[in-house]
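Chain naming follows the written order as A, B, C and D, and within any one chain the residues start at number 1.
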Amino acid sequence: MMRETINRELDHDPRFTWRGGSVTRIENLSDIVFALALGMIVSSAARPETFKQLTENLLTIIPVTAAFGILFMIWNAHYVFFRRYGVADGRIILLNCILLLLVLFTAYPLRFIFDSLYGYIEGVMGDWSRLQAAGINFREAGVIMGYFALGYGLIYLVISQMYAHALSKAGLLGLSASEIAMTRQSIWIFRVQILIVALTGACAVWTPMYAFSGWIMGLIWPAALLVDRLIPVPEVDPETTTTN
Amino acid sequence: MMRETINRELDHDPRFTWRGGSVTRIENLSDIVFALALGMIVSSAARPETFKQLTENLLTIIPVTAAFGILFMIWNAHYVFFRRYGVADGRIILLNCILLLLVLFTAYPLRFIFDSLYGYIEGVMGDWSRLQAAGINFREAGVIMGYFALGYGLIYLVISQMYAHALSKAGLLGLSASEIAMTRQSIWIFRVQILIVALTGACAVWTPMYAFSGWIMGLIWPAALLVDRLIPVPEVDPETTTTN
Amino acid sequence: MMRETINRELDHDPRFTWRGGSVTRIENLSDIVFALALGMIVSSAARPETFKQLTENLLTIIPVTAAFGILFMIWNAHYVFFRRYGVADGRIILLNCILLLLVLFTAYPLRFIFDSLYGYIEGVMGDWSRLQAAGINFREAGVIMGYFALGYGLIYLVISQMYAHALSKAGLLGLSASEIAMTRQSIWIFRVQILIVALTGACAVWTPMYAFSGWIMGLIWPAALLVDRLIPVPEVDPETTTTN
Amino acid sequence: MMRETINRELDHDPRFTWRGGSVTRIENLSDIVFALALGMIVSSAARPETFKQLTENLLTIIPVTAAFGILFMIWNAHYVFFRRYGVADGRIILLNCILLLLVLFTAYPLRFIFDSLYGYIEGVMGDWSRLQAAGINFREAGVIMGYFALGYGLIYLVISQMYAHALSKAGLLGLSASEIAMTRQSIWIFRVQILIVALTGACAVWTPMYAFSGWIMGLIWPAALLVDRLIPVPEVDPETTTTN
């Protein structure tokens, strides 16, 4: 009980009552799949056997961190969903199954994409050997960016569907007005992300901007701020929260 | 408590009271094994190193999705069993151990089967190279379908045994009349599946229909509907459910 | 609460009150390590790529099942320990850490041992190629059996130490007279196993019986029955159990 | 409830009330990642196929045990943190994410480092072939020790930040005076470790002591004792603990 109070103060937005209780099997299965995907991103195919391999292995920390961060943000959206709404009906199980498939399937490509980006940075600094070995030129880099946009877009599409499903059950879940507004905010932030990423992908594949279109994704942050402004969350009077 | 009510309304058939509480260690171990099997289905042996490998890797999404779906349906039958009955005596632990062995053991073959099917589709569209490299002709394809039938049949045999064991403990578990009927339904749907799959396997191995016998499995859905009709679930009056 | 009653009737020996509650992190970590070891036993290094590899892969079910069964029995002893006593102090964490190391470390050798046994059966039936490829003759087979005895013995030594530690805290845990007797039984069954396995290993490595000493392990079952007879568990009157 | 009492007596320092309840998803995800890292340390790239490979595989128990022990101590610090404070706000999730990345990323290098150390012991006993194959000389061994110091230092830096964050929330968590003192002790022990390890790394990379600087780490234990002496934990009167 003590912990619940602490949770409400510390762990998350005080305006949202968490409906999820102890870890369910669906969350458990998902956690393991996410952890496997994290492991796939980090571990290379084989253990380093020589000093040279060890040193090269350590340099991969740069692309690994980027891919790790993106996957962890997806985990976080998944985590918040199950904590906030605690829904696990047939539709959520199906959506979750698709999400897990996408997460596992995109783990290696995700790593590949950031390896290529790192190879490009090396290239700008004078050493194009890594990108040449991988058979990547401007055209290919654009297609890779397109793959990334497709995977990222699909994953957030599934997540936004999960939030939308929770919103459609707002009555049953007893979501308050401010909770409904926050759910709507989350959904719109996901949708805006999908849109921007889709635009990035389209530019990368079909325009001569190729992978440089990646910078369009920089628009995600101002757009998220805009959504925050456009969907206001009503004030909660403190009594309501404590009665839950 | 709130969540329990939501669960009863949303998460599953309102006619069945879930006896399983928080995730037990048997479920936890099983989840990890299922997740490992999902990982084995998705991940290829090595990370893609070149642009060409990446593109080929992405095309495998088609067979991967099929195998992933079948494994997830097995997980779902396992999940519903432990949520519904919450039984974990010696016999269930033994059956569960056999199930986990079968799941882990069939993960790679399952992927292989759908890779072959995908190779066949490519073949029909003019490119038989994939199947030739794997050394598969009509005769071999039939045997592969037979392996699939064997594995699938054994897995559902074990699951149906688990449900049958729960049914034999109906008194101890306090299953209501409608819950007993639903359990019987589940068992018969599993049995009909096993029968149809066994028939498919036999035709694939011993008749010149070979792998084309796969279409016999299409009978599973009408057969399941028939079982649904033949074993009626008695109506529940709302009071009984709420007193639980 | 309902589930607890069911548990007491169904899941385990009614003479022992389970002290372990929901899954702790130590059990969670252990489950994952056990599942990884199960996966290591089952999965071969690479996915099958051709029909021939698939067929060969399927034949490995025989040694895999044996190794899987032994590992699962270790898991079960671990499971019963944490359910029965629910102890997780510094000493148990240390012993558990050693157990996990041994489990992970012996997974591949365990598979190797049963692959060799299977190769021997093939050899008796006329095909010695498998054992020859692995460089195994009578002398080597004896040493392999010795390795097995060492690993198996060490694992059960750690487990028996865990049970002995729980016994030493009998007062704090509030173990009843019959529970103490059952704990003693378990410990002696483990010790007798260790002794018989050590004898098997010694005969396999230092006598010309080599791996044929394996049959000494057949003594484990009558010995366990003997322990059961020598350490009687006092009768429990039903009231005591219900008051817990 | 019974278990709680046992926990307080047995499982941990009686002067600290554990605030963490059942396993949360953040702990669950972390456990899986730790278990994967343990698996990466133990498993070699491929299963042994011949008797000779099996025997060589068994000899790796020495470096494996060392690396396993270090990783398990990190897990223990993580475990105690979540049991003691039960905090999981945004900052802890971020720190935990970085910790998981470091744990996964350093698993293979950690194994490599202890393989090298083992190779050195073999070398002193007359067989330098292992180190030569890995391309390691005095200079390289020093750099490897530097890598180790970097990884170890970073991991404990993140952990000490987590404890420091819990300390900053002492009011909200309701930490008693003695609990605050114990938290401070833990933080200073981590900091002293980081300092000593950093010193070791610097000596290994930039002085001709090379990897022999490893012995500086022997200072960790006396330093920890010194911290224990310098930050006294006030006595707790028994009533306070029981009222929690």
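By definition in this document, a residue touches a chain if its C-beta (ideal position, glycine included) is under 8 Å from a C-beta of that chain, and two chains touch if they have at least 3 such contacts.
A quick note: this is a predicted structure, and the numbers were derived from the prediction, not measured.
Each chain gets a centre from the mean of its Cα atoms; the one farthest from the centre of chain D is B. Its C-alpha atoms fitted onto chain B, chain A is found rotated by 90°, rounded in steps of 5.
Shared residue numbers account for under half of those found at the interface formed by chain C and chain D, and the copies are therefore classed as meeting with different residues. A straight line joining the Cα centres of chain B and chain C is 29 Å long. If each chain is reduced to the centroid of its CA atoms, chain A and chain C end up 41 Å from each other. Touching two or more other chains at once are residues 22-23, 28, 32, 36, 44 of chain D. In terms of which chains touch, the assembly is arranged as a closed ring, every chain touching its two neighbours and no others. Residues of chain D touching chain A in their complex: 19-26, 28-29, 32-33, 36, 40, 44-45, 86-89, 93, 97, 100-101, 104-105, 107-109, 111-112, 133-136, 140, 143-144, 147, 169, 172-174.
Residues of chain A touching chain D in their complex: 2-3, 6-7, 9-12, 22-23, 27-28, 31-32, 34-36, 38-39, 42-44, 46-52, 54-55, 57-58, 61, 64-65, 68-69, 72, 75-76, 79, 82-83.
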